[in-house]
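Please read through the structure below; I'll follow up with questions.
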Amino acid sequence: MGEAAANLILHEKKPTGILDSVLKIIAQRLALGLLTLFIVSIVIFAAVNLLPGDFAQAILGQGATPEAVEAIRTDLGLDQHPVKRYMQWLGGALQGDLGSSFAQANFASFVGEDSGVRTSVAQQIAPRFANTMFLAGVTAAIAVPFAVTLGILAALYRNSIFDRATNILTLSSISSPEFFLAYVLILFLAVLNPWLPSLSNIYDGMAFSDRLEKTLLPALTLTLVVTAHMMRMTRAAIINLLASPYIEMARLKGINPMRVIVKHALPNALAPIINVVALNLAYLITGVVVVEVVFVYPGIGQLFVDSVKIRDIPVVQACCLIFAAAYILLNLTADILSIVSNPRLRHPK
Amino acid sequence: METDASKHDDVLVEMKGIWMEGRSDEDWHPIINGVDLKLRQGEVLGLIGESGAGKSTLGLAAMGFCRDGVRISKGSVHFDGIDLLSASSEDKRKLLGKRIAYVAQSAAASFNPAHRLIDQHTEAPIQHGIMTKAESEADGMELYRKLRLPNPDEIGFRYPHQVSGGQLQRAMTAMAMACRPDLIIFDEPTTALDVTTQIEVLASIRQIVEEFNTAAIYITHDLAVVAQMADTIKVLLKGDEVEEAETREMLSNPTQAYTKSLWAVREFQRPAKPAVLTGATPVISVQNVTAAYGKIDVLHDISFDIHQGRTVAVVGESGSGKSTAARCITGLLPPRIGQVELDGASLPLDYRKRDRSQLQKIQMIYQMADTALNPRQTVGDIIGRPVEFYTGLTGKARRKRVEELMDQIELPADQFIDRLPSEMSGGQKQRVGIARSLAAEPNFIVCDEVTSALDQLVAEGILRLLADLQDKLNLSYMFITHDLATVKSIADEVVVMKDGCVVEQGPKAEMFTPPHHAYTDLLLSSVPEMDPDWLTNLLQERGVDNIGDAAVGKMT
Amino acid sequence: ATGMPVRAQQKGGTLRLGIAGANTSDSWDARTHSDSYMIMAAHGAVFDCLTEISASGELVGELAESWEATPDAKVWTFKLRTGVVFHNGKSFGADDVMESLNMHTAEGAKSAAKPIVSSIVEMKKLGEHELQLTLKDGNADFPFLMSDYHICMYPAGQIEEAVAKGIGTGLYKVEAFDPGVRTLLSRVDSHYKDGKAGWFDGVEIIAINDSSARMNALMTGQVDAVNRVDFKTESLLKANPMVSILEVTGNQHFTFPMLTGLSPFDNVKVRQALKHSVNRQEMVDKVLQGHGAVGNDNPIGPANQYFASDLPQNDYDPEKAKHLIKEAGLDGLQVDLSASNAAFGGAVDAALLYQASAKGAGIDINVVQEPADGYWSNVWLKKAWCACYWSGRATEDWMFSSAYETGVPWNDTGWENARFQELLLTARAELDSAKRKDQYTEMQMLISKEGGTVIPMYANYVDAHSNKLANSGTIGNVFQMDSSRMMERWWFA
Amino acid sequence: MSGLMTFLIALAAIAAAGWAFRFTGQKVTGNAPRFRDMAFAVAFGYALGTAVLIWAVWTYVQAQFILPEAEANKYFYFVTAIHGFILFAVLAFLFRLLGRAVGTAGSRKLFRQMPLTASFGVLVILLYTFFAIFAAWLAPHGQEQVFAQANVVPGGNPALGGDPAFPLGTDQIGRDILSRLIYGAQNTVGIAFVTTMIAFLLGGSLGFLAATLRGWVDQSLSRLVDVLMAIPALIFALLLITVASAWVKGTGLTIAMVLIMALIDSTRVFRLARAVGMNIVVMDYIEAAKLRGENLRYIVFREILPNATAPLLAEFGLRFCFVFLTISSLSFLGVGIQPPLADWGTMVKDMSSFINYAAFAPQVSSAPLLAAGAIALLTVAVNFVVDWMLHRSSGLKE
């Protein structure tokens, strides 16, 4: 009997059981994630509203008359009770409306005509977020395969010079401040050898190749930042398993070392590797402010920092929410992938 | 296939003067000291010895393989004329799996959880270029059928965790046969199994080895098992060869003192105690207890009494609820229905609601001394803490009491009081565990498989100690075990459990004389005996389809 | 209206600028502009004003062709250029001017040019392209004021849209605008300045607030010119053969304004003590690396017409400062000084130098490093004492009425002085040059002695550009980057 | 195109060299296991490594002895890196020798097992601690002291713009960089250390509490931590510090920063402590203690804590690095340690623009690298030590 037929028999037996348990776990995690997101939104709202000063004052400066401040506050709804504002914001956010940016609302409303041209936060964030995702994507595309391959090789040739050198190099790179790495890369790849542009001013409608070229240097910097973590986890997860009886069994079957690692150790080490990859991806989306500053990369981190400074509450809140959602979503994905990669959970008894 | 005539001349494996070393911390310490080994085509060699004697190490060396941190410092290993020690790892890999195969102790751990059984089965034939995947799969199913696995055509497509332990062990044997090797190393293949399952695996291993005329090294610490399997037996002690002889010869006529002492362990027997007075209040009385983990009931309406100064042995296969019953008594798992009485008074079900004197009266000794003793506390602290806690003794008085207790468990206080658990052997750790429960001055002690992790010799010492303490202190024991030999030697009464129910209970003498409940019978008859013909006879008596899981299945 | 070309101009190419001073809150509303990025983009390229100060410093017409005043300088008549169209096709006329001016005085509007515009009491449309403005008081500099970068011309009736999209009459129209990130402009097809200015096909203005990144972008050829060269590294930048430094002496000065309404700065002795406890030469040497001159707490610089060069210099005199503190009735002085490099390059260093030199005078300055972003909205005009910069203005009156006149929004010291105020008004309408000189000298004296701002140094505008760029040889000194008109006046060699 | 060709040829040459290496190795050593079992990939790796080494030595010799000074300038960083590498390797080696020779039996054993990287780490940490504690005595000048000479080039060579009085030069307003680096050790390291300590006290105790008590305590604490972790650390810190800046200034703000960072980091510690605690709580000895009727305090502090020290200590090292780097980043973004306290992050930021001129003036442009290097050196050192500790506690023999 062929494998397919046998598969059929097996799957036919317990299709609901499999689906049930995995779906149930996923549903649970999802609900938990949503709850977390909800509480995050409260925390953020509270923190943002605790920020000293408000947008009206920040924008109007010393010359502000009380009436003008009041006018702006009313216009922006800042005079309402925080709880009410929160409910409104949440209601909007649930319908996908994140409000409109204070900074873009600006003073246009004092021209005497009714505005209607205010940029919505979503409009403002979308391109920035897309940029950040692009950077994260490029970095991930370089870093993940690189790190996993390095990790596998390091596990295979553990304790060799190669392993030690990789270990020292990655440790050093993870230990260096991001801006240091950025400057060193600029120094060697842009200044001393003008191979890559040090300025990552990407914009809409840029050719993909240009965009890629401009993103390369920040992506390389981030690769250096995240590779070590993933590589070391891959190595450790694999080496952890090397003492297990089934690895010994595989060796005693005369399987060559590379195959032992790739075929026998790696599938069982997937869960920790997936988790660390997800963690690092989350970092790429949310934690790259410094790199964005150094390379003048118009990502969401920059926007966030700028918005905090001018107290542009809708933007700050939206950014935070996106960060939290990205983090939660990636963790969720990692959880689900871990479940799916584990035959015990995939094929319950 | 070899002819019968050539069978005894063809030396397949020859190890000469093997010395092996293992690394700990900074230096190398000896593991095997100059052992010779010769194995002919189709011959089965039994390798026995206590834990740590170096059996596995030697067995693996016969494959030209060393675990990490182990090396062969002297000697030679030849397999079918090939010098395994100077062969390149490439050449060795060509032999492994193809001509030499390995069956590990725990099949559950030795199957890769990420792949289906059949994929693991076919890996070696495909990698060694012996068969195509399809051929190998068909062959695998054939082997499964020969080994009497249920649904042989389908079972291979399961993942390891979807198959029971005994079945896995047979699938492992099938996997070892996949390339029809000349030599198989069986490293304690049945140690992790219940007696009822073990017998099934033993039968199939023996059958397949005979059928393919494969040479084998069978490693175990159980004499009765090796007696069924091996042609010759080699006894190891701390890396030294004690003696080697033909099986029957060895069993009937051991020459060395160590071998004799091994044989003698099985003889320990306590004198029977008089029957319990009717109307006496039991120390512990479990009454109609039903308990559940979450929503699933694992104990169903069980009741038994334990009287002053007596030992009640609770037996049953793994997962039958023995430990759960103990957890109900100690209050760690409050029963859903029913109650537990101590000296006739009912106990709060949750241990957190019990007062100090109630807690003090019930103590527990654990199976794994490693996890039961805090690795960061010295022996003095481990024993001293309950002394201080329950009796309030401190300073010198406390120390004196600790020394007394250490005296009772026969560990010299001056040597051991400041040691950490990691600096002691398994038996010594178990003794510390006993002392810790004695320190509370209890009436009743739960012993949950306290000897299962120990060697026979050491285990016997612990059993004797427990018996002595019982006589001296008039303690009551609830003795959980799956080893019927232990039951025979120490119990006054026996409770047999299966699937969370008590199937039979009564005084030991009654329990070991027929007629039994069918399950008790199966349990008792599945315990291997030192007679080399035991398995053959049993199979003849019952038929191959009426042993192990199959028999258990038929019963319910 | 551009200075005479020295070399033949060539059309073509896209000019890429790396400019500091961008914010996410940037918009095309010229009333709110205060930092170089939007001034460059709006005033320098997309929008036009009525008048313009040429590279050589004289006032010329931009959207106004000519103007004349009544002798008391009260009624001004502007003749507007004809045939000018906005980027959206609307043609330019007197209505646009009137509405654009009214923007600054609209209800609730906060415009830095409000004082200028509010001095207009009447606007009269004399024709489609002729306009009469009547002032409250005479102002000889009024046409000068009309070149202010806040007073850009927007299309009447479409101001809201123009503010949102950037619709002006300038040489370059907006292709893409990403606040705080990038602006892309393209040359309009035909323009009234054709043949005189606007040689590039397009301009890309990239926001690079990080000075290190900005210099790097220039050196690696990713931009053609940058503003605000880091003085620290100017000498190193010069070593690069591909790059030229553009240094002009303007009226840009770095200041430390104190809010004179708050204690202890409400005490003039304290202010004077602080003025005597800063080592100005050291600051010029270290912060400007010599690219500038010692200031005298006076916003009127050597580039101005009525600069009072013989004013007594406020010099570093710790003893005198100590004495002044005592006179103020204080034992010692402890003050916070807020600074961020957003105020000007090296502001934190300057503050630290101030701190060090003031120690000698027994004054304990606590330097508070403020975040760079939002410095102008959160710190300046808010914190009692902070660092600040001024580009300077072409006329004395303009400078004073921007930041020193009582009650103007940018009076960053809140300083009010009756005599000064009186002089300001008189001098404004005074057409006699000698009298004006006296009046302005007295005003400078007042500010220097009693004013609330410490002006330790004048900084040259130091910008840098690639050698691929060429210019007429005459460089405007009103703002950085050729008075922010590099996009109009320069070309690729 | 020709570049690609050169590359391919070089690759082929290295591959050939690798093969030859293995072949001769096998012949010469009579098929010793080392060469016998060597995969081609490994041989290739050796050849590649050797090629890189040869290139490095060649470049070094070129730059040091052969090329004229102007051209050699290009390799300034390379040469400095090699000098630093050799210097530290030798120091670490000597230090380990010293450790093996003196001290108690235990410490000597420790040093015998120590890899060179770990001894390097220990050495650097000791040095930093020493500098941090005795900064006031060791630093030639005060951290706020301003001298007349600004922008003195590091190196102390007057011909290149240096000044022997300031061996590492002065910064843009004339403060001695060496002194500021030393004080920076005190400020930056001290603050990071305090922050990590607080994070551990908070996160550790709550984590163990959650592991022991389980139930709703565990649930609510874990959910809270989830929430706090969902907001990116650096950004959350930025936000909270901005909030804090409304109430406190200067040193107060630094203290607020310490507390905020500690809070944020304690969530990570909580996770670890809880996970480690969970593994310990299931041990039979904890059950034994519970059955004895022991109270929570005894169980947490006497039974759990002693068994959790190894992973916690390792985590402490890692956390310290992260906190340290985050503080540097915050300073770099302008909201960290407040001036005029010397702080490495700020120093890097202040001098970062010099780095662009490496091509013309390597000495000058190395100024920002000094502070950044100081940060990197310490974190590398701590990581090396932690790595070794983790390796030891993992019990892997390999």
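Order of writing sets the chain letters: A, B, C and D. Residues in each chain are counted from 1.
Rule of thumb we're sticking to: a contact is a pair of C-beta atoms (placed from the backbone, for glycine too) under 8 Å apart; a residue touches a chain by one contact, two chains touch by 3 or more.
To keep track of the chains, here are their UniProt names: A = Glutathione transport system permease protein GsiC; B = Glutathione import ATP-binding protein GsiA; D = Glutathione transport system permease protein GsiD.
Predicted, not measured: the structure shown is a model, and the values here were computed from it.
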More contacts between chains, B-D or A-D: A-D
Chain centre separation (chain A, chain D; CA means) in Å: 24
Separation of chain B from chain C, taking each centre as the mean of its C-alpha atoms, in whole Å: 89
Where chain B and chain D are represented by their mean Cα positions, the distance between them in whole Å: 48
Chain A and chain C: spacing of chain centres that average the CA atoms, whole Å: 41
Junction residues of chain B - those touching two or more other chains: 68
Set of chain C residues in contact with two or more other chains: 212, 216, 219, 371
Shared interface positions of chain A, touching two or more other chains: 53, 186, 191, 243, 293, 305, 308-309
Touching chain combinations (by label order): A-B, A-C, A-D, B-D, C-D
Residues of chain B touching chain D in the complex: 23, 25-26, 68-69, 86, 88-90, 330-332, 351, 354, 356, 359, 362-364, 366, 368, 371-377, 385-386, 389-390, 436, 440
Chain D contact footprint on chain A (complex, rising order): 32, 35-37, 39-40, 43-44, 47-48, 50-53, 157-162, 164-165, 167-168, 171-172, 174-180, 183-184, 186-187, 191-192, 236, 239-240, 242-243, 282-283, 286-287, 289-290, 293, 301, 304-305, 308-309, 316, 319-320, 323-324, 327-328
In the complex with chain B, residue positions of chain A that touch it: 1, 3, 6-7, 9-10, 243-246, 248-256, 259, 263-264, 267-268, 343-344, 347, 349
Contact set on chain C toward chain D in their complex: 211-212, 215-216, 219, 230, 232-233, 236-237, 239-240, 282, 285-287, 289, 336, 340, 346, 348-349, 352-353, 355-356, 366-372
Chain A - residues contacting chain C, complex: 53, 58-64, 67-68, 71, 103-104, 106-108, 110-113, 115, 117, 127, 186, 190-191, 194, 197-199, 201, 203-205, 293-296, 298, 302-303, 305-312, 315
